[in-house]
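What follows is chain A paired twice: with chain B in the first complex and chain C in the second.
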Partner chain A sequence: MKDKSEEILSVDNLKLYYPESAGLFKSSNTIKAVDDVSFKLINGETLGIVGESGSGKSSICRLILSLVVKTSGKISWFGNDLDGYTKKEMKDFRKKVQIIFQDPYGSLDPRMTIGSIIKEPLDIFNGQLSKQEKEEKIFQLMNDVGLSNDLFNRYPHELSGGQCQRVGIARALINEPSVLICDEPVSALDLSIQAQILDLLNDLKSKYNLTLIFVSHDLSVIKAICDKVLVLKHGIIIENRNTDDLFNNPKDDYTKKLISSVPSPIPLAK
Partner chain B sequence: MIKFITKRLIIAIPTLLIIIAFGFIMMRVAPGGPFTNERALPPEIERNIQEAYNLNKPIYEQFFIYIKNLSVGDFGPSFKYKDFTVKELIISGLPVSATLGLSSIFISLILGSFLGIIAAIRKNTYFDYSIMGISLIGICVPSFVMAPILSLFFGLYLGLLPTSGWNGGNIFNLILPITALSLPQIAVISRMMRSSTIEVLNSNFIRTAKSKGLKSSYIIRKHVIRASILPIIEYLAPASAGLMTGSIIVEQIFGLPGIGRYFVVGALQRDYTLVSGVMILYASLLIILILITDILRAYLDPRVKI
Partner chain C sequence: MNKQENIKAIEISKTLKGRSLWVDARRRLFLNKAAVISLFTLIIISIVSVFGPFFLQYNFSDTDWGSIYQPPSFETGHYLGTDGNGRDLLVRILHGGRLSLSIGLIATFVSVFIGVLYGTIAGFFGGKLDIFMMRIVEILYAMPYLIFVIILMVVFGRNIYFLFIAIGAVEWLTMARIVRGQTISLKEKEFIETSKALGQSNTLIIVKHIIPNLAGPIIVYITLMVPSVIILESFLSFLGLGVQEPLTSWGVLISEGSREMETAWWLLIFPGSFMVITLASLNFIGDGLRDAIDPKEY
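Moving on to the complex of A and B:
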């Protein structure tokens, strides 16, 4: 077991600005998608990021993974600045930090079978394994995420949204990462499937010893799964606290509004 | 799969029949005939010739005789090239046209897709702009303009390549016609490839591939090309049609003894059987190509069921 309080990922003064393409007679503006964001990720915790649409939640995820190029700021992995990483070190980092995306179906290559989608990361990072070992691993993982083995040779369009998201989780976990970023993994799914996927993530978290970053616009989801929460608005962190703390005693008006907007399970009971 | 292919081949028969009938009528409707000359023939001789080629019978009867002969593989005698049957003429021209057509389609596919992909990866750089600019010229300038310019420049001014002729299939004689034939197709294909590659590069599953940690060259090879080549595959059949019509002109300009030349000469001289024969050949080639395209598409995209 690793040290529980170890800080594995830290983000300092992260900024992402887009130049707004100006109209013919307008002067150009910059859009601040992420503005001066700092936080730390402690080993084993689940960090929630919440905010309305366009508040920069997904941008932060992509910045951490270097899927988009940051404007300025520092992202450190075990205290080492990612900017100084060589290609090889970066590859290793990508193996350790995985993401599952919001759109379960669109995120899978429609021309690949489920088996080969899950297998692909193994080929790059664990090429030394034999074909049989790889298949064993894939079947094991498909079991873990609740996919039946006969889906191995099927294509994404033959699966339901919930199954696609399970494939997304399986391919993210195949190389046993230490951090899993979940970028609104359940927002495209219906409520009962949402609950199943959330349960699954919770189970996998303890089984694979994962640290989670969980992005959502739905506070009830955040409440169910997260230890700590960042509340974002227009790219700025306005609250960074423990979940219970936040729900019992919201400080900012925006947070209060977000919490009060959560639909109650029994609509007229309010 | 086999069911699909047989079904398509069976449908091809009425399609071909309609094309044959259409061509047959069109040729007969055109003024003049194969034996019309500036000086009128003596009536007896004209009657004898017409009788020999069944031209004195009513049109529908001529049509049925032609179809009946076709069903046993007899394309009839050429009206103008005496002592030759249409089949012999086609067989003598086919190697030339096939060499020209196949190498052109191959070169345009490879070069066009390659340029398109590079332009897409380096979107909005000078490389991209220059490729797309040149390809615009390629689309706008028809091959009957490009061919004489190429011939003039490389053949006459620079003296690097022969201006025309077949010369037994010598590679140097082939360079200019193939270039003239491929350039418009390369231009179209590279533009199509560029836009489809850009679209695929922006799609969600490519983002997934990046987050898996795959190298970008690997992503391009394994994920992007398989998706972005689809529109090109679908364009393959119209491209081949374009190449066939293009080859008729290019063969004329470069004096190549291919089928295209017979087609033009046959049409001008009202050589009914020769024109019909070449038409049947072109139509069947296209039908087969469209079939191949559909099979390829189903192979590349599992969502397409055949």
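Moving on to the complex of A and C:
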């Protein structure tokens, strides 16, 4: 068994700067989307990332998955720097770390059926499986995320937003990853649906032994499911603490402001 | 879910099997009456153009000074009349159809192929490559088109097949621009990011996700391009850069016919009708295809 306090992912002094292209003359200004961010992700925990719009939450997620090229810093997977990874090692890493996004419809190719959308990761990582084995797995996942089988041949626009988000979750989990990054997975959904999806994520977390990174600008959501929270402002981490600590005893004014503006808590069957 | 349920579920999927974009699209296309009739018409016109001349008593280049400007008549066997050289109009229209249709389809295919490839690569990879590739397109755009074609003709000789490529090679520019723009907006979508995060290769992302989502605009553009290519060919022929007498095309027949409209109406009306029917059919097929490949139209 893995050590419970094992460190899965660590991020050190991570920076992502964009050149600011505004203005007629070349300015030396840069947008600091992520500025000197360091944190560790411990096996089995749920790490929340909170902050206002533009604070760099999505940028951190994209950096972890190498979807954008970092300006500087280090990302390590079980202590190994990702920069030194071979192609094959990188592929293994990509299998183990999955992401779901905010926009339920934008996350799914509108020209593909639900079945083939969920199948895509299997084709990439488990090409050796037979067609039947793949289908069996897809149906199992659809069942796990609460989608009925007859949606297999439907297209995304025939589904509700909540159902689309479930499809995204099924696709993310089909290769049994260890880390699931959720970039505002419920922000685009109705309140009642939000609670359902959060419950589902909670269930799947224990069923699949997942470690979660959960991004939100909504502290009530964070409070409901996260063990630890990073508070982000202008790309800088201003608090990195246990959730209960943070809510009982916020240090920074910015955090206090965020907490005081929390709307009604999400009713969750925890 | 237990094994049994799984098997049942697979059974369900088998009965609904083959629900993929293209299979669905074909079924929906065949439900569209206008598109089916148009497809049928286009096939008939193509078959008649290719095989019809073998069954007619006249040859497309046979001149007959005894029967110039004959109006349509069943007795003489000139069903659609004759032109100023006494040549049978029907056989000339069918011959012209071979050329116009094949030039329309082949030149369009060439330019769509190049344009889609070029546009997706520029748009998808972006950055300096994109700037460089689009600069080339702008330069080609700015070149006087006719001079461009003339240079190509001079360099490669006045081969009729070369006309196809010359037109296609110029028409791809607009396609490339359209496709690039669409690709740029598509690649920001989360489903592309998800694919990238999965480590899907760029080629497969383009083939599996980008191009199917571009199919709508591409098809619309094809239906606009075929007619414009047919018209462009007649223009080039008019300048002496296209087909040469006694060979002909619909564009050439129409432009000749329009000059003799007052004395011999049939020389304009009949080639014109073939052209109009073909273009209208293409339009309906295009509309039908665009709707058929859009799952939302289901």
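Methods note: the second predicted complex is superposed on the first by the 259 of 270 C-alpha atoms of A that agree within 3 Å, B and C clash if a C-alpha of one lies under 4 Å from a C-alpha of the other, contacts with A are read in each partner's own complex, and residues count from 1 in each chain.
We adopt the following convention: a residue touches a chain if its C-beta (ideal position, glycine included) is under 8 Å from a C-beta of that chain, and two chains touch if they have at least 3 such contacts.
Not measured: the values here are computed from a predicted model.
Asks: Would you mind checking whether chain B and chain C clash or fit side by side on chain A after the superposition?
Replies: clash
Asks: Regarding the shared-chain residue A:149, is it in contact with chain B (first), chain C (second), both, or neither?
Replies: second
Asks: Please tell me which partner, chain B or chain C, touches more residues of chain A.
Replies: Counting residues of chain A touched by each partner, the higher count goes to C.
Asks: Under the stated touch criterion, which partner chain does A:65 make contact with: chain B (first), chain C (second), both, or neither?
Replies: both
Asks: Is A:115 contacted by the first partner chain B, the second partner chain C, both or neither?
Replies: The second partner, chain C, only.
Asks: Who does A:91 touch here: chain B (first), chain C (second), both, or neither?
Replies: A:91: touches chain B and chain C.
Asks: Using the superposition on chain A described above, determine whether A:209 touches chain B (first), chain C (second), both, or neither.
Replies: In the superposed model, A:209 contacts neither chain B nor chain C.
Asks: Just which bits of chain A does chain B share with chain C as contact spots?
Replies: After superposing on chain A, chain A residues 65, 67, 91, 94-95, 98-99, 101, 103, 106-111, 113, 120-121, 124-125, 155, 157, 168, 171 contact both chain B and chain C.
Asks: Which of the residues in chain B end up touching chain A in this complex?
Replies: Contact set of chain B toward chain A: 203-205, 207-215, 218, 223, 226-227, 300-303.
Asks: What does chain C use to touch chain A in their complex?
Replies: Answer in residue numbers: 1, 5-6, 9-10, 12-13, 16, 19-21, 189-191, 193-200, 208-209, 212-213, 215, 293, 295-296, 298.
Asks: Touching chain B in the complex: which residues of chain A?
Replies: 65, 67, 91, 94-95, 98-99, 101, 103, 106-111, 113, 120-121, 124-125, 155, 157, 168, 171
Asks: Report the residues of chain A in contact with chain C in the complex, numbered from low to high.
Replies: Checking each residue of chain A against chain C gives 62, 65, 67, 90-91, 94-95, 97-99, 101-103, 106-113, 115-116, 120-121, 124-125, 132, 135-136, 139-140, 143, 149-150, 152-153, 155, 157, 168, 171.
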